[in-house]
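Got a structure for you, questions after.
For reference, chains read A, B, C and D in written order, and residue numbers begin at 1 within each chain.
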Amino acid sequence: MHSTAKLRGIYTPNIVPLDGRGEIHERELRRYVDWLIAKGVHGLYPNGSTGEFTRFTADERVRIMEIICDQVQGRVPVLAGAAEANVKETLRACEKYYELGAAAVAIVAPYYYKLSPRAVYAYFKEIADNTPIDVTLYNIPMFASPIDVPTVKRLAEECPKVVGIKDSSGDIPNMIRLIQAVRPTRPDFSFLTGWDAALMPMLLVGCDGGTNASSGVVPELLVKLYDLTMAERLDEARALQYEIVTLFDAMIYTAEFPDGFRTAVRLRGFETGAGRQPLSDDQQVELAKLANKLQCLLAEHGVTDEPSCGCPAPNGSDEIAKIVEAVVAELKQRGVR
Amino acid sequence: MHSTAKLRGIYTPNIVPLDGRGEIHERELRRYVDWLIAKGVHGLYPNGSTGEFTRFTADERVRIMEIICDQVQGRVPVLAGAAEANVKETLRACEKYYELGAAAVAIVAPYYYKLSPRAVYAYFKEIADNTPIDVTLYNIPMFASPIDVPTVKRLAEECPKVVGIKDSSGDIPNMIRLIQAVRPTRPDFSFLTGWDAALMPMLLVGCDGGTNASSGVVPELLVKLYDLTMAERLDEARALQYEIVTLFDAMIYTAEFPDGFRTAVRLRGFETGAGRQPLSDDQQVELAKLANKLQCLLAEHGVTDEPSCGCPAPNGSDEIAKIVEAVVAELKQRGVR
Amino acid sequence: MHSTAKLRGIYTPNIVPLDGRGEIHERELRRYVDWLIAKGVHGLYPNGSTGEFTRFTADERVRIMEIICDQVQGRVPVLAGAAEANVKETLRACEKYYELGAAAVAIVAPYYYKLSPRAVYAYFKEIADNTPIDVTLYNIPMFASPIDVPTVKRLAEECPKVVGIKDSSGDIPNMIRLIQAVRPTRPDFSFLTGWDAALMPMLLVGCDGGTNASSGVVPELLVKLYDLTMAERLDEARALQYEIVTLFDAMIYTAEFPDGFRTAVRLRGFETGAGRQPLSDDQQVELAKLANKLQCLLAEHGVTDEPSCGCPAPNGSDEIAKIVEAVVAELKQRGVR
Amino acid sequence: MHSTAKLRGIYTPNIVPLDGRGEIHERELRRYVDWLIAKGVHGLYPNGSTGEFTRFTADERVRIMEIICDQVQGRVPVLAGAAEANVKETLRACEKYYELGAAAVAIVAPYYYKLSPRAVYAYFKEIADNTPIDVTLYNIPMFASPIDVPTVKRLAEECPKVVGIKDSSGDIPNMIRLIQAVRPTRPDFSFLTGWDAALMPMLLVGCDGGTNASSGVVPELLVKLYDLTMAERLDEARALQYEIVTLFDAMIYTAEFPDGFRTAVRLRGFETGAGRQPLSDDQQVELAKLANKLQCLLAEHGVTDEPSCGCPAPNGSDEIAKIVEAVVAELKQRGVR
């Protein structure tokens, strides 16, 4: 069934558990989906950046969607990442996901080549005019061609099938400009933020929800942050947002993305396996150390036990803070954040 | 008198009115200062980026401070921009501004050369160890060497004279990291945002105030936004923040900074004169057109009359929106925003 | 047969002609390959960025290689673009292209995600340790994770299968550093530049050749520039390099890459078809205009007739120059060039 | 006397020796000037970026010029850095330097604020229309607003007083575009490169010379590289260019610019003193270590003795190479290079 309800709340861009041979670990993926739903997330978002869609083959991406839709059984809406090599292939995926019962697809702007706004428009226009399923634009300028405000506005005005935008830039003034440009004529349009470190202020300036990688690790906390913020319990929301910045930073900046999230999901009890991007020997050692520190952070929130070797006292996150700062500084300078 | 009160509220980084020969227009500057105070701003911030400190000579910067301190007469605190050619000259300015009664100085990180965090640290450390006046760090990575979180933390821990940071990046997660790193050990430390388009969410995540160029144009609105936000009247605050984004964008993106602000202050009744940076013929024509559009925007807020030629209906800001979007897009790609 | 000769000279990163339905136009591709070889290029490089490898499916990429290897019949070496979704798929492609008789593969660093140098190293190391075919590293920092000098040096030292680098940055001091770091221990290692606008100076500082998109349009000119430069006929080489900058700029900056090259190849007599990336209506109009101007530029070199509507006098390239400058300025500011 | 000769050859952007109190060390500056002229540099370029013009007061910049012009006594042309706080102050400096006998001034585009091309044009136009002395545009996009090709072309066409450009971008295709745009109508216009690591290829594509910081350390080598390249002795020139890349990298990337050059000039026998930008304790230790390594590099060229503690064997520059690579990688990602 294809709901026409507006997309809102917390969608989990789920990682895909892999088995020892690097193949999709179907049983764990099903178990993970059940757990996420039980923990209260409002929807799932497979084949996103956290889901490493570029590292799977086209057939595998379809298989992941089949498993998830079959397991979800309509309990929550599924927003399906559907970007493929070209418009024709993308449309084929849209049709398939429509048949599988996805609520909508999310399509990242073309990447590798850096396209101009006009070409980005033409790309989404051709898709939106020919797809049976609702489309969410996926703006992630650190990885793909940016989708600017006039392009979103034009697509929203011309294409009823375009029903929302997922923005991972974390840029709040830009989100305000987007909402100003689109909401008056398209009150049904959804604005979702993909930047966990800005979820609370994004909701407060008018966003409808988030597609947040952290919700794959601590779904209970992201849902709680959403609820506290929507209820305008600001002091509690602020305190929780601060803690989520710490967790998010630790997962996103201390390893090759999204290995930090993959590692953290393992700490919640799932056999996530190793990611498909090879790591150097020292990176593997570091990832093991990170797991220990993440476990301490999660233990502080009561969602895991402390590691058997124990955790440092109060300021235990200081070392992570240092790593994070170094990486953030570097990325900022790279223009990646 | 040198208050030890924490810096909070809205500080106006004032432009400097110039006369027909491009010299400091003292009478108008005095009148402008009185007007700003009457409109309720909590403090003044001369010789900042909006004040075009780099386009005045060292002697002129002192003269601007003398005029302002003399006119303010202690009615509101003055945060004095004090960056000079080198540490020795900067310290000399600090001493002078201390004698003039400034509440604190704000010092931008070294610019032109792009310094590493260690050199930025060494620069501020040497100043903080030798100055009689409290120092606010001024982080404006689009123009100067960035001051990163560990540097701020280290300076806050080692230097009691460093009492705050003014951050013009508009990056909310970074502000959260700054507050997390510093507030526990320095509850007196001030966090001010210089990015008007993010003022409401910045306050909601814990900032103490803002140094906002828009407050030099519509002081009543910025003070109102501050008050509404601090009172947690979120719907009203959000609506006003949206309007300020429109105004701010129109002033910051449609002309060479800070000519849009200079032009808008003129519309409030001050002889601001032309800026010191020469403009091409077509830029001058555009600036005149901008004035008309700004006047319409200001008239919508009831702070000016409509221009004699009238204003377009409701969607009158659409043309500005287009210009703004084009410029924002370009700047984003330049990495300037 | 897998030659062990060092890669040198001009390799053409060929576009793929498409038919009216957007499918590979096999007959034209074969005809184009014959033409390129007849015009003297030293090798072919299918499935590169100019070849739009990301816009074809995995099966299509293999099909393109099959057609080309079958048509080339060993007359020139084929350097095969072999980047796939992950290491396993990439290795599968390497094996296939080895069987097809490719001289070597070229593998772009992982893209979409921005990887650290250590992960880039680990990626190539795992490929190089398991592939039957020689590997050329493909550094194109404007589109993919950069491959820095220490990473190239380490791979060159540890992996005999890594036999060269194709660098599309156009950064000459960086090329000098690469050669300094690698050539002493690996005299067999090839250094190829993918930036046509710097071919002559790149050869003069020590490069072995180039993989230049312009050679798909004016192979005779690129081969001539290579020959003149290697013969140290500097005045003639310089004059030709200048003309190639004009041509290259016109093709690379006035349309979405690589549509300018696709259009220009059509002017040489091949049914190239429309590219797979949709264009807006105005972009299509502009592309038609560009074709006219490109034809004039090519006519100046005697490789096409003038368009039926004639060409402007001497300074006919002025309009293109303006467009190019605007785009170059924008791209520079984006950090893309 | 104001020569009308075209600017060509190697100009040294000299550092300014400082005494123990951080003041201009006039005696050493005079001795240094004599030494540079004796070593064969074709001109001097005080108050450039290497000369740390931003760290001196306006009065000090004039004093530096007075000392240098007095010491040079017309033996070589002096190109005077003349950028001041605004057009009026810059014109005042131009007049002063004209009286002092400078051959021309070099004026960097406005910095701190990032200006659009139109404002950059307006700035130089106003200066060029009102100055008595020839003006060289100084393009250094890593530090100041960029001066793009159409702006240079327009200024060259409209302003006879604009006689050249010093470009520190190291971007060779851009230099080709500049020469193509300007030389046909202004054969007298000079094109100088400020990027030492690209001097040989810049000359080979048509530049007239360089303003190279390395020439303040090893003037004999830069002059030799210029001579070898102009004589088309390519193998010798290439080998020397490679060595200069190593030296240049060591001086520019292993310390805060221009401390590496200041340190190296000391090794040539001048009391250069410490720079005015404070360094952290560990930076000071590193600078001392760098001095040792630089001395070994210089000793390899026979221009200094080895340090008393000796130098490592052949591959002694490996450690520097590693530091350099790390920094270059970081800067590239910052978009600074």
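Operating definition for what follows: a contact is a pair of C-beta atoms (placed from the backbone, for glycine too) under 8 Å apart; a residue touches a chain by one contact, two chains touch by 3 or more.
Keep in mind that this is a model prediction, so the values were computed, not measured.
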Chain whose Cα centroid lies at the greatest distance from that of subunit A: D
Candidate from C-D, A-C or A-B with the same interface as B-D, over half of contact pairs in common: A-C
Separation of mean Cα positions, subunit B and subunit A [Å, integer]: 35
Rounded Å distance between subunit B and subunit C, as computed from the means of their C-alpha atoms: 48
Per-residue overlap in subunit D, given as positions that touch at least 2 other chains: 333-335
Footprint of subunit A on subunit B - complex, ascending: 117, 141, 146, 148-150, 170-174, 176-177, 179-181, 195, 197-198, 200-201, 204-206, 232, 234, 238, 241-242, 245-246, 249, 321-322, 325, 328-329, 332-333, 335
Complex contact set, residues of subunit C against subunit A: 22, 49, 54-58, 85-89, 110-116, 118-119, 121-123, 125-126, 142-144, 256-257, 276-280, 282-283, 334-336
